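In what comes next, chain A is part of two complexes: it sits with chain B in the first one and with chain C in the second one.
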Partner chain A sequence: MGRLKMSSSKRVGGLKGVLHEVLSYKSAVIGVAILLFLIVLSVYTMVTIPLPEAIQAWRSSEAWSRNPRNAQPEWVEIFYGKKLPRTIIVPLKDADATKVLLEDGRLAASWTVYFNYEYDDFPSEIVMFFNSSYSEKPAVEFYWIRPDGEEVFLKKHVLRRPDDRLYLSNDLSLELRLEGLFENKVGGKPSFMVTVEKGLFAEYSLDPRVLKGRYGIRFETTLEKNDVLNAEVVIYGSVYGLAGTDHLRRPLLIGLLWGTPIAMSFGLTSAILTTVLSLIIGTISGWYGGKIDLVIQRIVEINAVLPFLPILIMLTTFYRIDLLIILLSVVVLSIFSLGIKGTRILVMQIKSYPYIEAAQAYGASNMRLILFYVIPKILPPVVPGMISSVPGFVFLEAGLSYLGLGDPFLPTWGKIINDAQTNGAFYKGMYYWVLEPAFMLILTSIAFALIGMALEKIVNPKLKEL
Partner chain B sequence: MNSDTRLLELEDLRKWFEIRRGFLSSRVNYVKAVDGVTFSLEEGKAVSLVGESGSGKTTLGKTILRLYEPNGGRILFQGKDITHTKVKDLKWYRRMASLVQQDPFGAFASHFTVFRALEEPLLIHNTVKSREERAERVFKALEEVRLTPVEDFAYKYPHMLSGGQLQRVAIARAIILEPRLIVADEPVSMLDASVRIEILTLLRRLQERLRLGVIYITHDLATTRFFSESALIMYAGHVMEKASTREVLRNPLHPYTKALLIATPDPNPQNRSRFKEVPPGEPPALVDPPKNCRFSPRCPRAFDKCFKEEPPEFEAAPGHWVKCWLYERS
Partner chain C sequence: MIPKGFLKFVAKRTVLLLISLVIAVYISILLANFGGLIDEMVKSDLMMSITMNVRNNPAYQGLTASERQKIIDSLYQSALEARGLNTPFLIRSLYHLKNALTLDLGTALYLTSDSGSKQVRLIILERLPQTIMLFTTVTIINFFTNLLGGLLIARKYGSKIDRVIAALAPTSVIPGWVYGIFLILIFYTWLHVLPPGGLVDYPPPKDPLIYFLSVLKHMVLPMLSWIIAGLFLGIYSNRTFFLIFSTEDYVEVAKAKGLPPRQVDMGYVLRPTLPSIVTGLSLAIIGSWGGAIITETVFDWPGLGRLLSAALSYPDPPVIVGEVAIYAWLLTLTVLTLDIVYAFLDPRVRVWGG
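Then we have the complex of A and B:
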């Protein structure tokens, strides 16, 4: 009697009851927690970074010019045990310049800006961005002031255009001069290669050690009366944000964040659509039999021997497609799955049950019989399968993106891995580039797998013994 | 017989099932499960349909309910011809005629409560609009079949009830639309002996009180006396004998009926060692049967004519029809 009571209260609970029962499994609690986290993350992403903005930013290189290239995430410091450099932007504003009127009516201008450098490693790159307006191209001299007060002449540069950029790191003559200076000071050949960054930031010693302290940059130039010269010296670090950056200086975080709603919606939509449509097709096939059944079964058999991925690759190669079209193609190619055969047999079995005949005797229509008498019977074993099939579709989308066949505009996990692969991420030791999207993929699949497994146990209690 | 009171008339009703051999073969064989049945049932009367397994009695029941479409003959219900009416135009008939099945455990969708199972016919026919009225009808039906207190049963699932209780629910479902005809297809043969008589009594009382026409399909001659006014003995798709139940039991004429009666268990211990003469063999296969008396291979009294020609129905006594050459009036 107690057992009867229990099962009755369970049934009455409905959806709430199911949720309650699912949460009685520890694994499912973890799964639900991860799923909630992913949902919250998706919502947060969609609210804070609207999609058009995200796509725009992801596709432009200009937006990220002040970010370091291929920077690791900031938290890798834990593993290195030292403070890795962040990016420092040193602005030189026209208004801050000391200007002296010369006899010929021009202005002698000079700026000095200071910044602190307290990191344990050298910066990755140094670039000067100019933003000026002039009547005649000004020549600018740069001086480097080390923390000990020593002033080093860097270079004389004639601006080539108002928004000129000077890539100091690529300047070979500067590098050679710095190397000579270094050898003079140390009195020997240092044990490391004196790059521009090291030449500017290293202690004068044989080993590469960062000289911490307050650095300065001085600009000197002669300007016409109405000329304006602004500049930014960007000293790129080697770490960036939570997720690092890629070869185009884009923060991976944006791709990872936007990948979440894309992967979740793709996975869930295709899983639900595929399962529900297959279920309906299988039910129709089993219920009506005859010619309809014949046609559906032949389609299923033909579909079973058609290669899924090559067709998808062909579609994506020939047509300019977006995520929605990929989704629809995947659904169309998946609904006539072999699972239909299973559904059909179940339906044929149910169709012969006396209660169906009884319902026909009191006038239930085919539609009513299918919806209220047959589908509720075959639905329970289908739901866990549906949840468990979500990761498969998430991986499929990632796989297509990885093959370069995904939506060309959206930032997705698969595309990040694709970028990493084409840029030799593992070869160059940039593990984070691959591991971060892989982690997100695994997280998603674990969430759905855990929930799916718990549901499976509820639907099919025999599995509990395993 | 007054034609106004006629509920159901069958004229030479046939239900043959097609079997196709092979995928493209055009050859069609027929299983002649019901092959020329004629009888009529008056309002508020019960008829027993007796026969062994495979005699076509269940097929006949389902054909009467138009779960099958007949291949020949006519079905008249209250004078209306429903032989070939399209399923979608039969909705009124679904209200008038209902079914009680043999297996009470299979008769209900396991995901419906008793309440929902009883509500379904009302929902389908939309006879009762408001939910309160539907609940009233459901509870009333449960009271009719003595499942009280009704609240205890209404919200249970089928697996929580016993076979006898489920069969009561099945009867409640059969009467909830206030039909004129119930086809009870071996309603007690899957139940415990202890509850059979209760269910039959219930059905009989309801039949008398609601003036229902009942077609009681059974293989158990013993229960027919108790249940019905008239009886039909079926064998291999044919009606072999039809008369009032009393007449069939007291004065069986057809050799098959006699054999059936002999086979009925005899409660008298003094007869335990008496030899019972039961015809050998089995009912014939019904795939394209030959045109003769279908009982002839097993009949102890068969003669030449029996193997050659199918007998018509002879009226051996007033109201007592027998399909046997023995009763041909010379």
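Then we have the complex of A and C:
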């Protein structure tokens, strides 16, 4: 009795009533909540990072040179139970130098800059970026000042070009020197490999322990009068931001954020276009019958014989791989699905209903009959199926991107998973790189699946009883 | 005596399905050859290699440029004729069609089989066992698990496990390859107990038994990924399907007669639903023969899916067309057989007569 009342109130309430009924399912409430979150996320992304900027940033390598490579997201600290290093940028500005005029007219310049290191793990990399202008290539000496005041000579380096870079981590001779120093201080071979980072940041002991405190870096050089020397010492951490970075130091967050509107719009557009168009085709087939019907049925059979994914890949590579072409190809290959047969039979039945005959009697055209009398009757039952088909399309796009056949410019979830696999995420245990895009994919698809299932029960009351 | 109307139906169905098959294969030939573009690529490759050969041949060193050009042109023309490239693509495409339909698959442009052959037939035959071993097996396993699970749950309708299955049904929107990625993370990256992909350990074991066990070990994760992906929705939809059927009057009567549940399931629920179950199984098995491009890529599994994606990336039209043609033939024959069997068996399908 109660159910009967509810369905009658639904008719009165229209769309609002449907929404009310959908939300009476707990699973659908979760689905709607996730969906709203994803929509807000999409809008936020599109407003804060415009697409051209996102694409350019995603494809440029220079923009991310100060980010750590393959860094985990910051929140993984919860699992490790210790404070993991962030990236520290130590600037050495020309203006801050102490310059002394020498007898030959040149300047003896020196900088000392301090920074605090309070993390429980060693940095991942140390690089010096120079930004200078000079008349003659200056030779710079670097010193490392440990928190206990000890000063270690690092190396002497002649700038090769004004924007020179010095990768300390790759410096084998420095590494050997630090190792020797370490063995001297400890009085034995330490239990770990003394890399440059460990040699600079570890306590003098047999086990690798970070020496926390205030470190200093000193630069010393001799410059011509008008020379300018600026530098940045980047001490790369092992964690970065909310989502971490990939092998090209790009913040995954940009890819994850932009993946949202791309996946949602691709999934929804394909689902809606496919459902509505195949409904119209099925209706035409059932309504007109005869030759039109015969042709449409053959197309359905041809389509069924062709393997979907290979033909889709050929179609997209035949033209041009971009998101719109992929979308159109997917729709073209999906609209002549076997579902048309069901629609066709339904329309054949509806054709003989009295209200259609009545409409025909007052002279309604075929077009009018199809659009205003038949389609409205058969559309509502297919809406749940339409919503439930969204995840399939979302995963299809992800699968194509994963195969390297997605849009080459856009950052998408599938592409991030592909990058992760080809760059050894499975092998090296970089879980975050795979799990983050996979999580977003699953979140999106589950939202639509939950809503679709609830709608299914509303449209098909027999299911509700079961 | 077979009625005349039935024969007419069979003939009509056969002709219609064959027309669809021919058109489908022709479309794939046009697409795979990029509407003739591949021919142009092959031609320019030929021209280049002939030019290089003539230039580097000491015997032709003394000749003038125009004489050399003449030699190049004549060599090129005969090479074109040898490959049949001097006929326009549209005519050639009809030859391709004839060959594809008679499954005379020809030679590949770039790909070779592991034994070094360029025969498309051999290339495909080399990959087919791996695909059948993995995907046909898992399709059959999935089919029966879901069928039996569905029957069992339908009997326990409303119980806790029924509700759990219903709640987990949405997990099946996630495709097998995504589960595959999770399984690799768990069993390879984290636990180090199973390989992340490939067919067999490297180097391949000599002893056949150890070889077989190694292949089995490599099959666990891909199979598991497809089983998980299909499990809950499969059971749930079978259960719903059976529940709808078990409210039919004849089932109620059978229950009222006091027949044991097993007999009710077998004789009264399963029997009338058998046609759609058989259709589902046969189409699923045929579908599994195409392999799965994405899952095979995730697990680096050397099956037909990987072959197809390699052929698509070159592109190597004979291999693409070969796979599509075999697939299309199998599907068409299956559909035709099913149509005929049902038309013959089912008294309700009155396809012939008035």
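Note that in this section the second predicted complex is superposed on the first by the 452 of 466 C-alpha atoms of A that agree within 3 Å, B and C clash if a C-alpha of one lies under 4 Å from a C-alpha of the other, contacts with A are read in each partner's own complex, and residues count from 1 in each chain.
The rule we apply is simple: contacts are C-beta pairs under 8 Å (C-beta built on N, C-alpha and C of every residue); 3 or more make two chains touch, one makes a residue touch a chain.
Since we're looking at a predicted model, the values are computed, not measured.
After superposition onto chain A, the modelled positions of chain B and chain C are compatible, with room for both.
In the superposition on chain A, A:I145 contacts neither chain B nor chain C.
In the superposition on chain A, A:Y355 makes contact with chain B only, not with chain C.
Once the two complexes are laid over each other on the shared chain, residue contacts for A:V459 go to neither chain B nor chain C.
In the superposed pair of complexes, A:I292 makes contact with neither chain B nor chain C.
Once the two complexes are laid over each other on the shared chain, residue contacts for A:A364 go to chain B alone; chain C is not touched.
Annotation for chain A, partner touching more residues between chain B and chain C: C. Once chain A of one complex is fitted onto chain A of the other, the partner contacts of A:L107 are absent, as it touches neither chain B nor chain C. In the superposition on chain A, A:S27 makes contact with chain C only, while chain B stays out of contact range.
After the two structures are overlaid on chain A, the closest C-alpha atoms of chain B and chain C sit 7 Å apart. The residues of chain A shared by its contacts with chain B and with chain C come to none at all.
Of all residues in chain C, those touching chain A in their complex are 16-17, 19-21, 23-24, 27-28, 31-32, 34-35, 157, 167, 169-171, 173-175, 177-178, 181-182, 184-185, 188-190, 196, 240, 243-244, 290, 293-294, 297-298, 308-309, 312, 315, 320, 323-324, 327-328, 331-332, 335. Interface of chain A with chain C (complex): residues 27, 298, 301-302, 304-307, 309-311, 313-315, 317-318, 388, 391-392, 395, 398-399, 402-403, 417, 421, 426-427, 429, 431, 434-435, 438, 441-442, 445-446, 448-450, 453, 462-463, 466.
Within the complex formed with chain A, the chain B residues making contact are 62, 65, 67, 90-91, 94-95, 97-99, 101-103, 106-111, 120-121, 124-125, 155-157, 160, 170, 173, 177. Those residues of chain A lying in contact with chain B across their complex are 4, 7-8, 11, 353-355, 357-365, 368, 372-373, 376-377.
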